[in-house]
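In what comes next, chain A is part of two complexes: it sits with chain B in the first one and with chain C in the second one.
After this line comes the complex of A and B, so read on.
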């Protein structure tokens, strides 16, 4: 049990900055998900916390102790790797025990912890098998088990589910969440899958280009994306970002300096909604029925930009027909293109 | 591919059997020769069935040897060959495991240069560098010693290169997991890398053992004392007699004995050997 503090953390590869100064406090028992596109520095950040990458500048404190110069083994953390990284020549039991043996844990204690972890993860029957005899999901469990038996101050997860098939991924996601709630171990979790990020996180850290774009609970991040990047990254299909200049008759009610507005696909309607609203005329380019709802791709007449709206059911609209889209002013996210930030509030500085 | 074509099976088997015959017949002939009396092969009619002198011929070679040819009893030469082959195989594997480990898993200045220097030695087998190597060994006073016989053969890059290729396929995460699990560099090497390389080591051992066993030119150069003769070069001395017919029956007995150890090594390590060549445990 411990907190993790990252203070002005930077990482350069030669002259190329990978992480450009990150401040973050992970509270005791909290699960924080780092999410962002490939190359945004999230994995580098995690590996610095693990001690697998050196720190160029800044401090890392685990449980209040500066660990920048500590070896990974001295940091009291356990890591779950993307490809599991199980020792192929050892049995499952050997894999679980290895870290404890290296620390000189007494035999009885090792047995107790391995048994406990095996019970929690329901891998008791697999203890004498080799990793290659296990399925992907089972290997994932063993990798988790190897982290659990250590009873570390913090778990670090590096995209642990990305090698699993879709169904198993959902299942393991739920299990990781339950497990983390039960053990109440401080956790950092890296993923590029926003669904995973939204469902797992106590708080989300959205990263881009080595910087933190926004920190907040999943609903905060979804409801009020702090920057244009977050607006475009979180949510599927992504938010429509429309330059104000392309609107015919921009509504006066937009905050000052607003030159981009964001509208979520589910906040665009084909019918007038009443109240303060904007209207956009366009032609239907493509209709994608995806089951319970349909995605409508509309090319706007004013700018030629393509926007997406999601409508319930399967609307009876022919491709090529002209439509007018309506959005309530309250559903519009106003941004400034220069700063990339919201213009309707001063977001508490990161 | 499952096919049922009787003619094709027949033909392929015929080719295989023909191949086996070509390979085995000389060996059989050597065996037959080693069981006959001394003059039997000189009569113009080569016998194709084993003769009555098997125990006598082998016994004589193992205990006395042919003193006129200046060779010691065969068992000394066999022991020498065995010692040399094992020293070469073990030495090469130990050195190359460590150097490949350093090259692959540690970042140090001139790492690639180090690798290329090692790699370039692949182009210089003993035969090519034999004169300077001989000069060095002679000046170091290593003629007629096991060190002189083995050291120049140990120092080469084949095995280093093979282990490097294998280590490169070991995922980085494995090392990182071990680091998080508290294993230092040597512990990682011993607990994880070595067991993973087991089949590769076995395969290399077989290859290197035979490589050491069949060395001819180098032992011929650096040994003048018959106590250090190896069996492969010893056979040459047995066959080269000045004024008499070579004692072919005894020479062939030596040949058969010289062939046995490599064959045994291959047979007993075959399972591991094949495994090491075809699959990796990952």
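After this line comes the complex of A and C, so read on.
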């Protein structure tokens, strides 16, 4: 049980900065998800915490102890790799025991912990098999098991579910969440999948270009994206970002310096909603039924920009027909294009 | 395995297409092999007028001959030493090169060069360097208080041919080890590092076991090489001497047949060698296909 503190953490590859100064405190027992597009520095950050990458500048503290100079083994962490990194020539039991044996754990203790982990993950029947005899999901469990038996101060997950098929991924996601709740081990979890991020995280860290864009609970991040980037990244389909200049008659009620407004697809309506609102005229380009709801792609008359709205059921609208979209002012996220930040609050989230 | 079948319009065409390869194999491999087996059962009189069929007498004499048993022993020592020396050195070099990031291509290129040198030339190079009269190595060794003369000292002669033969084979082993090391996923070493294994432990418990298919393949190749491809090297350095000290099987075949003109015995010896190659190849095919278990 421990906290993880990242203080002004930076990583440069030659002259190329990969992580440009990250501050983060992971509370004891908390599961923090680092999410962002490829190349945003989230994996580099995790590997620095693991000790697999050197730190260019800044500090990492695990349980209050500065570990920047420490070997991976001395950091009391366990990592689950994207490709599981199971030792192919060892049995499942051998894989689970390896870390304990290296640390000179007594035999009885090793057996107890392996048994316990096998029970938790229901892999007891697989202990004598080799990794190649296991399915993807089973390998994933063994990789988790290898982390659990160590009883480390923190778990590090590097996109652990991205090699699984969609169905298994959902299942394992739930299991990881349950397991982490049960063990209450401080965890850092890296993913590029925002659904995974939203459902797993106690708090989300959205990264872009080596910097933290926003830190907050999934609901906070979804309800009040701090920056234009977060607004466009979190949510599926993504938020519509519309330049104020392209609105016919911008509503006076927008905060000062607002030049981009964001409207989530489910906050756009085909009928007037009453109260303060804006209206956008356009033509339906495409209607995508996706089961319970449909996505309507509409090209705005004013700017030619395409926006998406999601409507319940299967609306009876022909492609090419003219529509007017309505959005309540309360649902509008105002941003400034220059700073990329919200204009309706002084964000001091970091 | 599903392969595409080609139907030839003419029944003779496929045979005609195979004929050149079959002819080469027949003339240069099967026919001489058959000749060797045949002569190994015969004795020729000194003037070549008469040949007598004598069944297994050549073989019986061979294994009763202390000279042949000595040659077997020398071959074993030579083969094992060359295999161990060249494989361990090349593994060391391969590990070292994969750790160098910036200039590993240059090192790799340089390390591969010795393979392009013909065995006889290798022999002559080392013969010069270790020549008791004009060589640089004996000069340096004398400075260290070691008197080097492989023309007199059988052990020194053996050391010389082992070094020369290993040196030539290091390049080949090195290339395979580098390729093998690159196919061990980096995440495994990283996982082991987190699991508390130091660099040496990581190598011996993770990397080395995963290299075992490569190692096994090279083991067979190296034994084959040291037993059969080192004739030129021995011929250029020691001529099997002094006092039979480096007279390995493949050299003895030549010495007995072409210098001693005992064709029958020489043929019997080549048949024995042939059986050894067949055995090694069989082992290789049987296990390499299956890979070493992991």
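Definition applied: the second predicted complex is superposed on the first by the 349 of 350 C-alpha atoms of A that agree within 3 Å, B and C clash if a C-alpha of one lies under 4 Å from a C-alpha of the other, contacts with A are read in each partner's own complex, and residues count from 1 in each chain.
Just so it is clear, a contact is a pair of C-beta atoms (placed from the backbone, for glycine too) under 8 Å apart; a residue touches a chain by one contact, two chains touch by 3 or more.
Everything quoted here is computed from the prediction, not taken from an experiment.
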Chain A as common anchor, with chain B and chain C clashing or fitting: clash
Touched partner set for A:52, first chain B, second chain C, both or neither: both
First (chain B), second (chain C), both or neither touched by A:99: both
Partner chain in contact with A:83 - chain B first, chain C second, else both or neither: both
Contacts of A:73 with chain B and chain C, given as first, second, both or neither: both
Intersection of chain A interface sets (partners chain B, chain C): 50-52, 71-73, 77-79, 81-83, 85, 87-89, 98-99, 102-103, 146
Residues of chain A touching chain C in the complex: 50-52, 71-73, 77-79, 81-83, 85, 87-89, 98-99, 102-103, 130, 146, 150
Contact set on chain A toward chain B in their complex: 50-52, 71-73, 77-79, 81-83, 85-89, 98-99, 102-103, 132, 146
Chain C - residues contacting chain A, complex: 185, 187-188, 190-198, 201, 205-206, 209-210, 212, 293-294
In the complex with chain A, residue positions of chain B that touch it: 171, 173-174, 176-183, 187, 191-192, 195-196, 198, 281-282
